[in-house]
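One chain, chain A, links the two complexes that follow: it is found with chain B in the first and with chain C in the second.
Showing the complex of A and B:
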């Protein structure tokens, strides 16, 4: 088998493979740069929590209107944002830290979501919602995920300086009249919308992997956020291609294969990345000891 | 034109400051965090063009006072009035521990953030802004580190970078929260002489200070805090043994 037959033919010959590739690449291009900011803002776990939080909304949409994309989408956005707001409120009004209150809310959401889907749907439906249908994307799902990615990149470009300044020194930004809290909310909305758009592709449980794993890997290769973002997107695209090919040739489920491919990139980056990777760090002094003049 | 005169020669805003000076007045203002009062019943006025130190024991409300003036913290009661250009005329040097040291930006990026009020979230950083940033970095002795990651700076270098960021703001009023923390005495003297020059240009300077000797030497005015105002006025009249004892006494009561 030539390289062409192995790597290109599956996509050239089968429409569902091309659709899967387009869907996962769009998800990577929009989601991975968001993930870079989630990592920089120390909100990695929050992304995870949000991905669970959208589940009951998606399930409620499914209960109300069957496998209707619009209803599931609306439900997901509503519950995702509701959990984000509730967790922030609880963190502000009680001694519980924000990460703990997020964990509490997303576990409740997960339980509620699985219960709701099982009420009406079959186990197959549950599996679709949880793990996605990357090899069975229809036009509507594909348009949704590509449209979301395009919009995300535009908004991210517009908000980039505000986001960076708000991460770096929120107090100073506020003192200069910058709208820090407003940007934070806008960013959360972007994360939720991307997770909801992506659940058809990789499922609510796995979609966050396409956000976090490439971003965490990129952190080991580039210093500035401006370089990490495109790098993360590229890693996400590479993982999509690799995962889909593995799924095709070895007959394994596609969405876990894609996430595992991204995970492999992450593990390699931990080992070999020039910015704090283990192998490089051993040769020279670790980055944190190279301070001072 | 030398690099120094770009930023420290009387710039447009400094000349404005001299022409229409801004006063900061507090009228029975009280501030607190998380339901606990930190600083109560502050009344007083920072005269335009004055050079004032804010002194007091730890937890006396020194940083709180600056945050209240900056508008980052709203007063529970009473009022804070800012004359002249209002809050747009204030520049701020917060404590270094309040920013995310791990966030990947270069020293130049960090310092350029000082131009936020002029550039904002969307406008381009023009040649003049970048020149100003570099000139200011030159003044604090960090020009050679402009392209380095801010996370590689030592504590003292970070303090100088924050000082530079405040200079980039180029405002008629300067509020500094422990500007000389973590810097060696030589650097402190250098930054202090920069501060004196800014004061001589007609700008209003308010600095939270720990070193009483330095206050006596360099600051004509002083506010002594300990949960309330202990004394406010000429430094010699404020930093008396009796006032310092009162401050310690109130502080011990509040933490007992």
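Showing the complex of A and C:
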């Protein structure tokens, strides 16, 4: 089997493979740069928490309108934003740190979501929603994901300087005018929209992996966010291709294959990355992550 | 399955108790024959033939899987109190002999499929076409050469079932033998009428369009009777998330065989089936009922309704 047959013809022969590739690449291009900023802000677990927080909205949308893209999207965005805004407000107005207030609100939201799901009696349909169907992307789902990615990249480009400054020193922007809060809110909106759109492609749990794993891997290869963001997107795209090919040739489910491919990139980066990777650190390069040095 | 005793049934039980206390002849007249059917489709047939003279209990109820059933203590009680047991036979109810033994059932056992020409599962019906071993087990795996127990999926066999049931009931309850045979013939006539009309329906569809890809393995008799080829799904059969390779094989199969319709259930998402349809031009079929009736109020609550529903779904999907 030639390399072309192995790596290209699955995508050339089957529309569902092309759709899956387009969807996951869009997710990587939009989500991974967002993940870089989440890592910089030490909010890496926020994506995971947020994916739980949007559950009641998605469930409510599903209960109201069935398996409707629009209703579930709307519900998820509304609850996700509500949780994010409430958590941010509490963090800025009280001494409670953002991670703690976020944990509190997402747990409330998750409880509500589980309650709503069980009201339906059977939660099988909703579980399918949560685990996504990367191989069954229709036009609407594809447009949603690619549109979200485009919007994300545009907004990130516009906000980049403010966002980087805000990431490095939240006090700085607050000191020189109230725009810091707005930048932060805009960023949270992007995260929520990406998560909710991504559940169409990989499922809520998988989309978090696509957001965080490439970003965490990129951290070992570049210092500045400006370099990490495109690198993370590229790692995400590579993981998508590798995961889909593995699913095609070795008969493994597609979504976990993609996430595990991204996870493999991360593990390799830990070992070999020039910025604090274990091998470099042992050879005497600045080991900034080693404790007590 | 736990059922609460309704007031009506309680009254009936009371009457039964009184009747039992009365002389034997009177008891025979007051109490309908207690019959047990192994699964819902057979239960519906026994009800049709038995009418008001028989009280039918079903072990594996609507939407239940009679291939793999775990009898409950309630089933033991039900069977112990019964005078007649109706089973499909053809090795369908593998769990039944143990239940019969433990209940101490002393009544008459009627094998409904007696006299049916049995078919065997064909090679390839339990694995993919292209010879790959995908390592996927079908939910209800039958291996090549086993008897296909789903004989009721041919209405002509259904008529044989009905007559066997009538004879079984007549032997267990000779007092009503005439009524059983009369009802059985009337019911058989309805089955035969549907059979004739379905043969006409399917004969009107061009032969090269009379094939579907399906995840069900229960339609062998149906296919033989009405000239429809049921091609097994290559790869996908469990409700776990399918791999890209599975989906590609299914698409390849539909393209190669020019299949007009796909009836695939237990697949993780309706969107995935729609994608397969988009990519191949095949239609997506609806739900087919194979081994059990649906719950009342759904489209396949009786044997006749089930058959009409399946046939209409298949015919609509194969129509050019």
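One rule holds for everything that comes next: the second predicted complex is superposed on the first by the 245 of 293 C-alpha atoms of A that agree within 3 Å, B and C clash if a C-alpha of one lies under 4 Å from a C-alpha of the other, contacts with A are read in each partner's own complex, and residues count from 1 in each chain.
Simple rule for what comes next: a contact is a pair of C-beta atoms (placed from the backbone, for glycine too) under 8 Å apart; a residue touches a chain by one contact, two chains touch by 3 or more.
On a predicted model such as this, the values are computed, not experimentally measured, just so you know.
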Which superposed partner A:253 touches (first chain B, second chain C, both, neither): second
Contacts of A:111 with chain B and chain C, given as first, second, both or neither: neither
Which superposed partner A:20 touches (first chain B, second chain C, both, neither): second
Which of chain B and chain C A:168 touches, first, second, both or neither: first
Contacts of A:147 with chain B and chain C, given as first, second, both or neither: neither
Touched partner set for A:70, first chain B, second chain C, both or neither: neither
Contact set on chain A toward chain C in their complex: 10, 13-17, 19-20, 67, 128, 131, 133, 135-138, 141, 244, 247-257
List of chain B residues in touch with chain A within their complex: 67, 70-72, 87-88, 90, 92, 94, 98-100, 103-106, 110, 113, 116-117, 120-122, 149, 152-154, 157, 165, 169
Chain A to chain B touching residues, read off their complex: 40, 158-159, 161-162, 164-165, 167-169, 171-178, 223-225, 228, 287, 290-293
Partner chain A, residues of chain C touching it in the complex: 134-135, 235, 240-248, 251, 268-276, 278-279
